[in-house]
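There are two complexes below, and they share subunit A, which is joined by subunit B in the first and by subunit C in the second.
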Partner chain A sequence: MSDTVSNVAILDRRQVLTAAGAVAVAGFVMGPGFAFAKPEDAAARVKEATGGAAVKEGRITIQLPQIAENGNTVPVTVSVESPMSDADFVKVAHIFVDGNPTPDVASFHFSPMSGKADFSTRIRLAKTQNVIVVAQMSDGSFFTASQQIKVTIGGCGG
Partner chain B sequence: MLTRRDFLQVAAAAAAFTTPLGGMARAAALQKITQKELLEFDSIGQVTLLNFTDIHAHLMPVYFREPSVNIGVGEVNGLPPHLTGKDFLSHFGLKGGTLDSYMLTSEDFSSLAGEYGRVGGLAHMASLIRSIRAERPDNTLLVDCGDTWQGSYTSLQTRGEDMVTAMNALGVDVMVPHWEFTYGEERVKELIGKLKFPFLAGNVLDDEWQEPAFENTAFFERGGIKIAIVGQAFPYTPVANPRYMIPKWSFGIREEMVQAHVTKARAAGADLVVLASHDGFDVDRKLASRVEGIDVILTGHTHDAIPTAIKVKNTLLVASGSHGKFLARLDLDVKNKKVADFRFKLIPVLTDAITPDPEMTQVIKDLRAPYEAEMTKVLGRSDSLLYRRGNFNGTFDDLICQAIMEERDTQIALSPGFRWGASILPGQDIRVEDVYSQTSITYAKVYRQSMKGALLKDILEDVGDNLFNPDPYYQQGGDMVRVGGIGYTMNVAGAMGKRISDMTLLATGEPIDPGKEYVVGGWASVSPGTEGPEVYDLVSDHIERKKVVNMQPNRAVKVVNG
Partner chain C sequence: MAKARIKVPSSAKKGEIFEIKTLMSHNMETGRRKDKKTGELIPRKIINKFECVYNGKTVFSADFHPSISANPYLAFSCRATESGKLEFRWTEDGGAVTSETKEIQVS
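Entry: the complex of A and B
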């Protein structure tokens, strides 16, 4: 059950602190102590994926919360505009992030048989960062879109 | 020259965007404002939308000081609601020393409060609603934009049920939630079962399958037209409040879903589409510029009282304040599925000018009876004005922080930047229920623990970005976290993570050392398993011990812009 996955099996950052420190801070938690990738690393991966070809903005819609409810399992939905015909289709779409230990999240491969280039998944995000999608079309052109998502440590009601 | 009637009656079209709520001069106030004057309105069109929001369970009249600091960043800098005091008055063409000034700003608050008295009270609001309904029996729709079930002694004791009883008696037609969720999933479902009207939350999904968890739209027939009310819950409830209480529900602004609900409502034949929203004003201002087909947004959460309807593209935004202080009335003339004309008035619920509704008076009396003795017990007195609302520490927050530091022996205190909580005038007694007005939450334990200076800064930065991110979709929660025992400088215009400087431990005057541990107390932790006394008990004990409190405005938090 996803309930178990999101709330018990994988400790979220709040629970990590609660477990480790016995007393809880007001929902404010320190980040884990491992090294994060830098924006340059994500940029380098984009460059690798495109072979240095020009990348245009557009054709990609990312549905992602602006602020994560749970950084351990963030739902993301991507759709790439394409007729998905034999002559014109999306070959592959990659998700990169620029604030996790590694920039690679997933790559989704398509063919005209796919019908449409839409996909959803859940990703783990260690902190506030950008989610970058790069799609390669059948004619060899590349498109990209990105969105920032906040993984906040503080909740203060309202 | 404008006649008195012109002042009272906010006209349609362009003028409606800049005309004051009532323009009642001090002289008139001294002659005593009447209920009739408060209600004066030349009705038009098929529909009268009545709206209140963020009552926070305040059944009884209160004093409520509007903010003196309400900073807008980015595109909304200097736009309503990000205007206070004299700037607010001059923007709306209002005068100081008037009822408008008393209701809408913090200018001369204590002295005007002495003159005009308390505001709100559900029996008083009910009286206004009853009159308007009598005048417009087939045209009136009453919308509650949420934060209704939480915020008082009785709401906490009855876990929201007192407000459900009161709202049923008031004849609310539809509501949307935020703090309602802090009673937990099971209780929310129970209370929805007791409601006589729809509870809408179109932006909440079941987290497992991403399917709708609540209804999103309710349809009504009024004045011969079909009205769709689309409902939007506070989008960041599981971030700003404990997620463990509602683990199965996922929120978000979900603009594309709002658009889908609106489009569907239009396809179903709606002549008028209203979004009842708990997004907050800046979020709804942005949403109105991006979602097509919404005629009116009744917007809650940020507690803004704006005396005119604000037009964004083709959408009218209404912000009706908090604590039952105002009843917003928007009359709409709808032609060919468009708003052809409208009139708006933010009606002050000026307690002393209104004869309370006898039926609601009885409902409230019955609801309070079991708790009356305990909650009206006097704990002490304040010799200064106590308030919370504003971007940074209010004097009631300072009192809470002082209580935490003294009662739990900590160097530093953190207190949440909630927007709710009634004000106490200089010389006024502080009763148990006044403390609950500021603290009654379902996760109220006061923790005590060690925290590194670096984490303290991260917390301030994080909450600061939740408040001052230039993109309102990235803002969440309340005002800035309140601090005790430390001072800091906030650069509102700074980038994420770079707004806070000069953090100082006030006791020694030394800078906060990122590597050093400090003993910190605080409340409203969103983590499960927090241990400590309940904050309302701690603060009550503290006031009882002090007998008299006197809190002067906090000068340890400095704000710069740029």
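Entry: the complex of A and C
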């Protein structure tokens, strides 16, 4: 009987220590008062943007460098396959990331007059993470693509 | 807001798809940086919206969040339909708007 009790006590102590360690590590990596978005937050934003509709892979090409030495300005080019006619065009393309303080990066709204659903811009990336693009077509369907990028020096000015 | 640089072809054939490049000088303050002297957070001030209007119709627009780099650069496409004006508008947090206009001849 006393054995079981002490076992429980040891387990408890171990759990407490592990938890404390995890908090300490997290605090060290992120810095005080500076929380990064978790991959779940990005996934939640994707879900919000699509309204829970089915999202298919494909039709989107993301061009990113494999390694970004400076996370302050990372060039990104996205193109979405579409005829861009009055009947069938890309309405909007969102960029989300899963390792910045907030998952939203930008949303780009197209029209049939765009001719092509492509754009280039420059983004800030705090650390190595995934860049996710979600595009909504004029018929209401959604497509997605994502790419991981390694970041040497983060660009969120902490 | 400071000056914008815009690259648009001066002429295009009807139906042709041309590329527009814009570069706006703006430090896109994220609201997460601290003033090194006082230790206080510098309030967020970014361009949150960009629009391209072709003869009164919005061809392309973008909503920006703080993860867009300083001096926001954008390249996008547009189909030449008729001669006229291309208006570019940048809206800053707080509502200040900077706009620029370029003319295009479509033959």
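Quick note on the criterion: the second predicted complex is superposed on the first by the 119 of 158 C-alpha atoms of A that agree within 3 Å, B and C clash if a C-alpha of one lies under 4 Å from a C-alpha of the other, contacts with A are read in each partner's own complex, and residues count from 1 in each chain.
Basically, contacts are C-beta pairs under 8 Å (C-beta built on N, C-alpha and C of every residue); 3 or more make two chains touch, one makes a residue touch a chain.
Owing to the predicted nature of the structure, the values given are computational and were not obtained by experimental measurement.
Trainee: Touch check for A:72: first (subunit B), second (subunit C), both, or neither?
Mentor: second
Trainee: Which partner chains sit in contact with A:107 here, subunit B, subunit C, both or neither? Use first/second/both/neither.
Mentor: second
Trainee: Quick one: is A:127 in contact with subunit B, with subunit C, with both, or with neither? Answer first, second, both or neither.
Mentor: neither
Trainee: Which partner does A:152 reach: the first (subunit B), the second (subunit C), both, or neither?
Mentor: Only subunit B is touched by A:152; subunit C is not.
Trainee: Report for A:59: first if it touches subunit B alone, second if subunit C alone, otherwise both or neither.
Mentor: neither
Trainee: So, A:115: does it touch subunit B (first), subunit C (second), both, or neither?
Mentor: So A:115 only meets subunit C here.
Trainee: Should A:91 be classified as contacting the first partner (subunit B), the second (subunit C), both, or neither?
Mentor: Once the two structures are laid over each other on A, A:91 reaches no partner at all.
Trainee: In the superposed view, which residues of subunit A touch subunit B and also subunit C?
Mentor: Touching subunit B and subunit C on subunit A: residues 155-158.
Trainee: Name, in rising order, each residue of subunit A that touches subunit C in their complex.
Mentor: 34, 72-74, 77, 84, 97, 100-102, 104-125, 155-158
Trainee: Can you check the complex and tell me which residues of subunit A touch subunit B?
Mentor: 1-3, 6-7, 14-15, 17-18, 21, 23-28, 30, 63, 65-70, 75, 128, 148, 150, 152-158
Trainee: Quick one: in the complex, what on subunit B touches subunit A?
Mentor: On the subunit B side, the touching residues are 178, 207-208, 210, 234, 236, 238-244, 247-248, 250-253, 256, 280, 301-302, 414, 416-419, 441, 447-449, 451-452, 455, 458-459, 462-463, 465-466, 469, 471, 473-474, 476-481, 496, 520, 522-531.
Trainee: Under the stated contact criterion, what part of subunit C meets subunit A in this complex?
Mentor: 17-18, 30, 32-33, 54, 57-70, 72-79, 81
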